[in-house]
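As written, the chains take the letters A, B, C and D, and residue 1 is the first residue of each chain.
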Amino acid sequence: MTIKVGLIGAGVMGGDHARILSTSVGGAELVAVSDADRARAEAVAASYGGGVVADAEAVIGNDAVDAVIVASPDPTHKPLVLACLAAGKPVLCEKPLGLTTDECLEIIAAETALGKRLVQVGFMRRFDPGYVAMKTTLDSGDLGQALMLHCVHRNETAASYTTSENMIANTAVHEMDIARWLLGTDVARVTVVTPRPTRLARMQDPQILLFHMTDGVVVTVEVFVNCQYGYDVRGELVCEKGTATLTPPHDITLRQARHDGFGHPADWRPRFAEAYRVELQAWIDAAAGGPPAGASAWDGYAATAVAEAGLAALKSGATTEVTMADRPGLYD
Amino acid sequence: MTIKVGLIGAGVMGGDHARILSTSVGGAELVAVSDADRARAEAVAASYGGGVVADAEAVIGNDAVDAVIVASPDPTHKPLVLACLAAGKPVLCEKPLGLTTDECLEIIAAETALGKRLVQVGFMRRFDPGYVAMKTTLDSGDLGQALMLHCVHRNETAASYTTSENMIANTAVHEMDIARWLLGTDVARVTVVTPRPTRLARMQDPQILLFHMTDGVVVTVEVFVNCQYGYDVRGELVCEKGTATLTPPHDITLRQARHDGFGHPADWRPRFAEAYRVELQAWIDAAAGGPPAGASAWDGYAATAVAEAGLAALKSGATTEVTMADRPGLYD
Amino acid sequence: MTIKVGLIGAGVMGGDHARILSTSVGGAELVAVSDADRARAEAVAASYGGGVVADAEAVIGNDAVDAVIVASPDPTHKPLVLACLAAGKPVLCEKPLGLTTDECLEIIAAETALGKRLVQVGFMRRFDPGYVAMKTTLDSGDLGQALMLHCVHRNETAASYTTSENMIANTAVHEMDIARWLLGTDVARVTVVTPRPTRLARMQDPQILLFHMTDGVVVTVEVFVNCQYGYDVRGELVCEKGTATLTPPHDITLRQARHDGFGHPADWRPRFAEAYRVELQAWIDAAAGGPPAGASAWDGYAATAVAEAGLAALKSGATTEVTMADRPGLYD
Amino acid sequence: MTIKVGLIGAGVMGGDHARILSTSVGGAELVAVSDADRARAEAVAASYGGGVVADAEAVIGNDAVDAVIVASPDPTHKPLVLACLAAGKPVLCEKPLGLTTDECLEIIAAETALGKRLVQVGFMRRFDPGYVAMKTTLDSGDLGQALMLHCVHRNETAASYTTSENMIANTAVHEMDIARWLLGTDVARVTVVTPRPTRLARMQDPQILLFHMTDGVVVTVEVFVNCQYGYDVRGELVCEKGTATLTPPHDITLRQARHDGFGHPADWRPRFAEAYRVELQAWIDAAAGGPPAGASAWDGYAATAVAEAGLAALKSGATTEVTMADRPGLYD
């Protein structure tokens, strides 16, 4: 069985999904691509297959399309996901699911009404072998229960339009999701600590976020989006009897010019290449009838709720409660 | 375009190929499976698709089969590969290509007569990200030219039927291939050095092989198939201005019970999981019309020629020349 | 020139100092030892030299003693250091310098009145090659200015008498000193974050301390004194253009039983063995006429002031200012 | 008790010994220094103590000198060590003990006649914490018995006068000693394998030496004295149940400019700084009446015997037996 995929948005992420789908995922075929910039859609279709269609609606409404990837600009996510739900088609939506918790709740209402999980949010870290190994270790019970999770999230340089707020809503949002997934609990409250900023950027960079989980586990997250030296994501899970630490992926070390070590990538894609591949495969497998995989619409909502608390905490300087709606049974 | 694959041999390696093909390779579908033990074939087909057919001939001769994987016992490799060539179908043959250089030359003669490369030999290390990064580094010229390659190849415990000779013909044969591929030259002569053996096995284990490449590069290979602690493959390429060292893949490190480190797998499959996946994808892509990928029949022959020299060197204790036929133009 | 040393307190730390002094420090000789438990003093003297004297006063007042090590119980530190100052003898006092900031200020007043630095506080980490390399890197300016310092301080198990408060006053006090020394600024305020505690101890363990330095650098300190897996001190200094991370000292890695890694010590002494040795050598060199080395009485006071703020922060749950006296010119 | 040390030879090694002796060794005092170049002797004495005396004889014959360090040019070693023996004074002689096995045997005869071990040869690696940990691990029996030892010995660039022969006699000689010490057996025969040489030097560089120990253990030694990237010594001891690998000492890792790793030193002194310190301390402790420490005259002879076999092996291309005299009981 081959799942025929339609792609909305042929930018960096959309193009990457198309490439992975056509070169290293089984059971899938790219059949339709749309982008506001038709030339981009054509380039992706030429490389990875599928026909170019006029617009997002022409992807979703296309009878040949079994499942849809939404990788278009953030403000389009909600309406497009709703359209996919209306069409009864599985959708992989890049984060964020919605611009606000209200938008996310609209999607949840629609999916709940449908009574069937069709939405997967693109929190790819849930498929990263490192985080998966960390979770497997935690769930084994060998280390006792979790007490703390230390996260570091560094980008070489931030895009010119990045703001202090983006660092929470677009960058740290990955840790908001992974903390919930890994620890199996929700974020109860958020604090933002602001060190003196680097002089090499015009924003509050770095920031340190603290999450108090509902069961008392504390998560520390350093977000530093202009660290200059490369893309670097770290993590250590601290349990009662031991800890598990992510190994930064690298295939070789070089000894050269008095140095001994490995290289950091320039951006997140090499770091999470395997996560993206497994994420897409899991999504295709789910679309082909397997169990839902990855982050649900509820998880997309929860991450947005934590991000909203984080933004309030950044603004006020105070620890801020995360307020969440009741979770519909569909997401149990 | 979907390549329909027939599988001959549903043992450990065949079953793994079926799994990978159906869960993480794009553009492929398993359609037929055979095994001398029909129950094994049925189990694999049930999990990963395809119908069970009577025997190898029923796979190769099957009109629905575009390409064939040969993972049956070693003595069947030559006749099955010849049958695939006769049928004009791409074939991925597990190593060894043949039991002897003569058998390999028969295949080469048949493929050369056909004038078209259809055979890929399953030297999966060529697709391992570590070796690929090492080769990319060498080919960049940044480190100058290669002078030495140090290899370590350790298995936790050898199967009961393993002999001192198997350690060369079945284990070190991987290094025979990877050295040729990585360095881009042939092995000119082989020496086997024999340390005192471990008391935990009944064979000459470990062994140290030395390859002198045709351009003077020296390759050292420690083969130790009862090392007790786990499966472990290492390598360091030493060039004029620096070295590149394989990182043993691991996703996390654990701190527990006064230890800090990572785990070794029990066998080769986790170590080379990514290599197997990429190998299969490359083979499918080639079958779908792409350029030939991986080790050719000639490479299969060359590895066997080096292994034969290695066996003679083990027996005689003397450095032994590798004698090779002339390479047909098909393999340039 | 040989400095004749008197030792007050022949317990774990005192005994270690005696051993190091007599086996791996130049220019020193142990000549007198006292301990409330005379047998302990005799054991140390028998192993490392010196005569046993009646009490601390008999050490300090001894004409043969050039310099004094105070390694007796904490409440004795202040009076003994004052006695050393009165006797005009250099003194290495184990931390804490005093039980309270008031006690420390008494010492500072006496030393200032003397007009000469004679007191060194035993914050040995200032001599640890890792922290020294970190400071050298920072001071070189290559990485730009410091923005954050992440510290982890873990003990395998805490002594039965350890309390949540001890974790700040006796454990995290090392980070209070090293942060000031490394960053060259003072701690302005302290926050204590309390994750759910481990069930394997009866205290608020772990704790996360946050120091805001006077220039805005933020220091995070995880203190976890019942981590079960061993003694482990980590640190990463994050600057504008890169970071420097402590390497946990280990001489070899072992591959055994599917593990690959190194061992953690049971307590702090192996981890800081080199720091203790260099600390003692620097103290002896200073006593022999070299410049003052290590932490001054002022540094001892400052660490105690930060600890007091930390204790208040632990109690109140609120961020707490560190209040400090004016620094006498003697300590510029 | 303070051992008064005389130093013969105030070059790089002599100066280093003087520095270590006066700054980080207990129980010792430098009292006399000589050098063919009087200015060098004066510089060392000015920095580290002691009076400058006319010549080597004036050091050895000096009544104030208890023990002598010989760090003068290689051809002077034998006569000076003999003079120390004649004077009944402990002597630490830099390697080589003699230029030939015959010279070494002369010393052994003299020491044997004296009936007392006074000679220590400067094979400092025996005191390196890494090798010591490796030996401790082996001797514990946890890993079973040794089967192989892999050594790598790389220098950034060789001095202009270095030859292919020097690489054996002066560089690999360290591995000749450490293999004997670590494994507790002698080298029975030596083979030298010659890869194509680097184009960045004018000698047979690198070389691979193979030692067959008397009990069948095989030692591989890569010697590469123009590796360009820094000084680097590695080692892995392979036993029946596991392996122990030297960790290259480094205090911090740096993340900077897309790199993550540690630095290699330019030469051997930082790498073996701790080994030199402990070596000197052990020598002083022995001179003060403790048991003999480090490499004996016999060990110096044995290393030279292995080196002579190595030179013959390099010349002939054949495996060469090491011939050794009978060991006098003094060295049991």
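Convention: contacts are C-beta pairs under 8 Å (C-beta built on N, C-alpha and C of every residue); 3 or more make two chains touch, one makes a residue touch a chain.
These are the chains along with the protein names UniProt gives them: A, B, C, D = Inositol 2-dehydrogenase.
Please read all numbers here as calculations on a predicted model, not as lab measurements.
Interface comparison, A-C against B-C: more C-beta pairs in contact at A-C. When the contact pairs of A-D are matched by residue number against B-D, B-C or A-B, over half are shared only with B-C.
Each chain gets one centre point, the mean of its Cα atoms, and the points for chain A and chain C are 44 Å apart.
The centroid of the Cα atoms in chain C and the matching centroid in chain D are 37 Å apart. Averaged Cα coordinates give chain B a centre that lies 56 Å from the centre of chain C. Shared interface positions of chain D, defined as residues touching 2 or more other chains, are 228-229, 241-243, 253, 255-257, 262.
The part of chain A that touches chain B in the complex is made up of residues 2, 21-28, 129-130, 132-134, 137, 142-143, 241-247, 250-257, 262, 274, 277-278, 281, 285. Residue ranges of chain C in contact with chain B, taken from their complex: 156, 228-230, 232, 248, 253, 255-266. By the touch rule above, chain B contacts chain D in their complex via residues 144-145, 147-148, 150, 193-200, 206, 208, 210, 215-218, 220, 222, 224, 227-229, 238, 240-243.
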